[in-house]
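So that we are looking at the same thing, I have put the structure below in structure tokens.
For clarity, chains are labelled A, B and C in written order, and residue numbers in each chain start from 1.
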Amino acid sequence: MGYSLSTEALSEVFKHLSLEYDLYAPRLYPKGGAFSDTDLVRYGKISSPEEIVLHEKSRFSWKETLLPISQTLFYFTEGSVLEPEQEQKGAVIFLRSCDLHALKRLNHIYLQNGPEDPYYRDRRDKLRFVLIGCKEPFSSCFCVDMGTNKTDGYDFSLDWEGDFWQIDCPNTEWQELFRRHAVCEQAVSPSYVTETKTRVHIPDHLTADVIKSTIWKEYDSRCIGCGRCNFVCPTCTCFTMQDLFYTDNGKAGERRRVWASCMADGFSDVAGGGSCRKTCGERMRYKVLHKALDFKMKSGFQMCVGCGRCDDACPEYISFSHCLNRLPEAIKEVNSDEAE
Amino acid sequence: MDINTKALKKNAFRVTKVRGKTASRIRVPGGHLDAKYLSMIQEIAEAYGDGTVHLTNRQGFEIPGISYEDMPKVNEMLQPIIDGLDINQPVLGNGYSSSGTRNITACIGNKVCPFACYDTTAFAKRIEKAVFPNDLHFKIALTGCPNDCAKVRMHDFGIMGMTMPRLEQERCVSCGACIKACRRKSVEALTTVNYRPQRNAEKCIGCGECVLNCPVSAWSRNPSKYYRLTLFGRSGKKNPRLGEDFILWADEDSIMKIILNTYHYVEHYIDRTAPGGKEHIGYIVDRTGFEEYKRWALKDVSLPPEAKICTPVYWKGISYIR
Amino acid sequence: MKQNEYVPFLSEIIEVIRHTEIEYTFRMKYLGDVKPGQFFEVSIPKYGEAPISVSGIGDGTIDLTIRRVGKVTNEIFERYEGGRMLLRGPYGNGFCLDDYKGKELVIVAGGTGVSPVRGVMDHFACHMPEIQSLTMIAGFKSPSDILFRDDFSRWSQRARVILTVDSGGGTEYREGLVTAYIPGLFFTDLANAAAIVVGPPAMMRFSIQALKNRGLEDSQIWISLERKMCCGIGKCGHCRINDTYVCLDGPVFPYAKGRALID
């Protein structure tokens, strides 16, 4: 069902939801940017609709509300292991279509690839999703080409139109709540973009053979291996385990996992020294082919959702979407080398 | 030709080596201006000067080849620039007023530069409004970060931006980028403790490299602005020397006060017989002793708790006097 | 919360065997099913968790051979008997012994690569009728790096064992790389040969090449890969190569599949 609500009325709805859920949305962190006197937009708790930043893309995706950047798995002492209390309160996440599509990618790794991850499962089941409609794409977006511009997996949607919030609420549990606060009920369909300025075409005949292409070499000198592209990505899921020892004998402490980046040093190190991918070009190739090929081979669907955050975040102006568009050239190169 | 050269100098014109010709000196506080003023400067140079403009060491323009009799007309054409740059002007329409206190210079600051910790031009203009015009010989410069591109340690007052970094522990991914940047580019103020950076506040110079290099925004800048204030660097024919640290983690208001207090101190202690009535402040401090200067400088100054006063201060430098 | 794969269990340390200055085998109490080539995530005090191959399987015990890393002191390793360690696992596919039954099996291993194949050797050395012939070529850097010294002399009574060191062999040990002994391998029926190769990347690459030169097909070769497996359950991503997760799909691969894995 669809509803129109004033900002005041939606605030009341938020107040009601807040009893049971924390509300997470892209919000402003004034002067939170890396450069002085710049702001940062990222996910954080909100209490009113005005706090949601609509005119700008959040630098980091919503995934940190589901997969904490740093998460304690358990505490250990000499004879026992103690799991930390999990947050009981649920969360309502405000996100755009591309980001909601990322959920399916996260689920694939954490619920389907090998045994279920209990921490993920617990948190996942407590999340509800609010779709923020997109009237215009941002310049780096390429959701249409990735098929992630539309979604129906939301609990309710949110669009600002004609001085009112237009809401589509398929979640029957919340329909009464909206009905109580609506100025009118009418069919609402969330807005979505149908074309983007950035275009991407991943070739259908892409195979792992492009590993042999020379296009990756360019990134050896351009990429600085900082990992920003991974950390802002809604579909990157890698982590590293850390053991903290509270005592000198190493028998009491805690184990946590923290986000990891396949672009940064250390990711592919093996015991006894050595690293599987030393150069940034190799790491770029590893990342790009995971997003555009390897993940799909395993799951049947593309990993990248076309949010464009990696392009926005790269301090060296390396464009992931541009790299994807170079793949046909790489295929051609590899094929012609093999023909010789 | 009868020219009052003292009055002419106070009006920001120069006695040049060419008899009958003067040069107009246009100060740009903070070194940043709307591009439209450039065409006005061009017009003056082409109408009354020799068609050339010099970019000065202190971020101004100097238009040479102006006949002395054209000074009023030049002043008239300067008025929109003076108004536009919001220059303190004792007599409206009478051109720039020049003085012992030199143009306040600034690096490009955080309008453009990623390293800068503050808006250098805005702070320069604030000081300009408080001290100009003034006969006392003060040189003040501002730079955005400890890189000191503006070479503020060559000035009586050097103002260097500092960032107080803060770490949101739970966002840290232990990538080590901050630690590496601090070690390679700065002072190695960060060490790893339990996979996360620990900042040595004694060592940290507030360059902000940790914040700039953090890929997850775990490091951010304390929104308060902090500055390193250096004192009494100078060039010249006796004893050139670099300015020394006076206050670390100072705030903007305190710096304003210290500068104004220093004007009072100099007025009180200056050698009135000095050539041209000008004496570098450092020589005065050499005479009165640093403690006396400090007493004047810190009058009614309330620094933030994080501020660190360096005392006593000793200067090194090169002495040409043998 | 549901069954938590990340939570380790305590296992008693039955015995600690010191092989070299830095390498020790911990014989741990373990009652579940486990195959050679599988691995456990072992919580090493003062260090953290590390994937360790099962180097031996006994009656209610497993062996875990651990190389001392970083600044971890001897003390931890030597005062442990009777103590307990946190483990989780076993993870990975391990070697399927049926693949080698009735074959002329050659095992080529380098350094700690001997660990994952030790169980395979042990099994066939005790069940010789299950196999046509059994050869092991094992290489170590120097005599002081040799692991499982006693095993080699035990195995050599039943199987052909070539133990070689890179240098410093003196009169007691052969010197040279494992690859030097591959061309001279004897097979009664080449089509019935099988080979397992485990060790450092370069050693594996050259050994596989030598085996192919000797006439073995890709389909007759198995490998076991060592990667940084943080979680062991397909989540952390460190061990992924292409669409393969070494911790889930490996670490043992038929070479026909393994050769396509490019890091």
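Everything below uses one rule, namely that contacts are C-beta pairs under 8 Å (C-beta built on N, C-alpha and C of every residue); 3 or more make two chains touch, one makes a residue touch a chain.
Chains and their UniProt names: A = Anaerobic sulfite reductase subunit AsrA; B = Sulfite reductase subunit C; C = Anaerobic sulfite reductase subunit AsrB.
Nothing here was measured: the structure is a model prediction, and the numbers come from that model.
Q: From the C-alpha centres, identify the chain that is farthest from chain C.
A: Greatest centre separation from chain C goes to chain B.
Q: So which chain ends up in the middle if you average the CA atoms?
A: When every chain is reduced to its C-alpha mean, the one closest to the whole-protein mean is A.
Q: Please report how many Å separate the Cα centroid of chain A from that of chain C, as a whole number.
A: Taking the average C-alpha coordinate of chain A and of chain C, the gap between them is 38 Å.
Q: List the centre-to-centre spacing of chain B (Sulfite reductase subunit C) and chain C in whole Å, with centres computed as mean CA coordinates.
A: Here the centre of chain C sits 67 Å away from the centre of chain B (Sulfite reductase subunit C).
Q: With chain centres defined as C-alpha means, what is the inter-centre distance between chain A and chain B (Sulfite reductase subunit C) in Å?
A: Distance between chain centres: 45 Å.
Q: Can you list the residues of chain A that touch 2 or more other chains?
A: In chain A, 240, 242, 260 touch at least two other chains.
Q: Which residues of chain A touch chain C in the complex?
A: Counting only chain A, the residues touching chain C are 73-74, 76, 79, 81, 83, 86, 109-110, 113-119, 121-122, 208, 211, 237-243, 245, 249-251, 255, 257, 260, 262, 267-272, 274, 276-277, 282, 286, 289-290, 293-295, 297-298.
Q: What residues on chain A touch chain B (Sulfite reductase subunit C), complex-wise?
A: Interface residues on the chain A side: 29-37, 40, 42, 59-60, 68-70, 226-228, 231, 240, 242, 244, 258-261, 264-265.
Q: Considering only the defined contacts, which chain C positions touch chain A in the complex?
A: Within the complex, chain C contacts chain A at residues 1-8, 10, 43, 45-50, 67, 69, 76, 84, 86, 112, 200-201, 226-228, 230-231, 233-238, 240, 242-243, 245, 247-248, 260, 262-263.
Q: Any idea which chain B (Sulfite reductase subunit C) residues touch chain A in the complex?
A: Chain B (Sulfite reductase subunit C) reaches chain A through residues 110, 114, 116-119, 161, 163, 169-177, 194-195, 208, 211-218, 220-221, 223.
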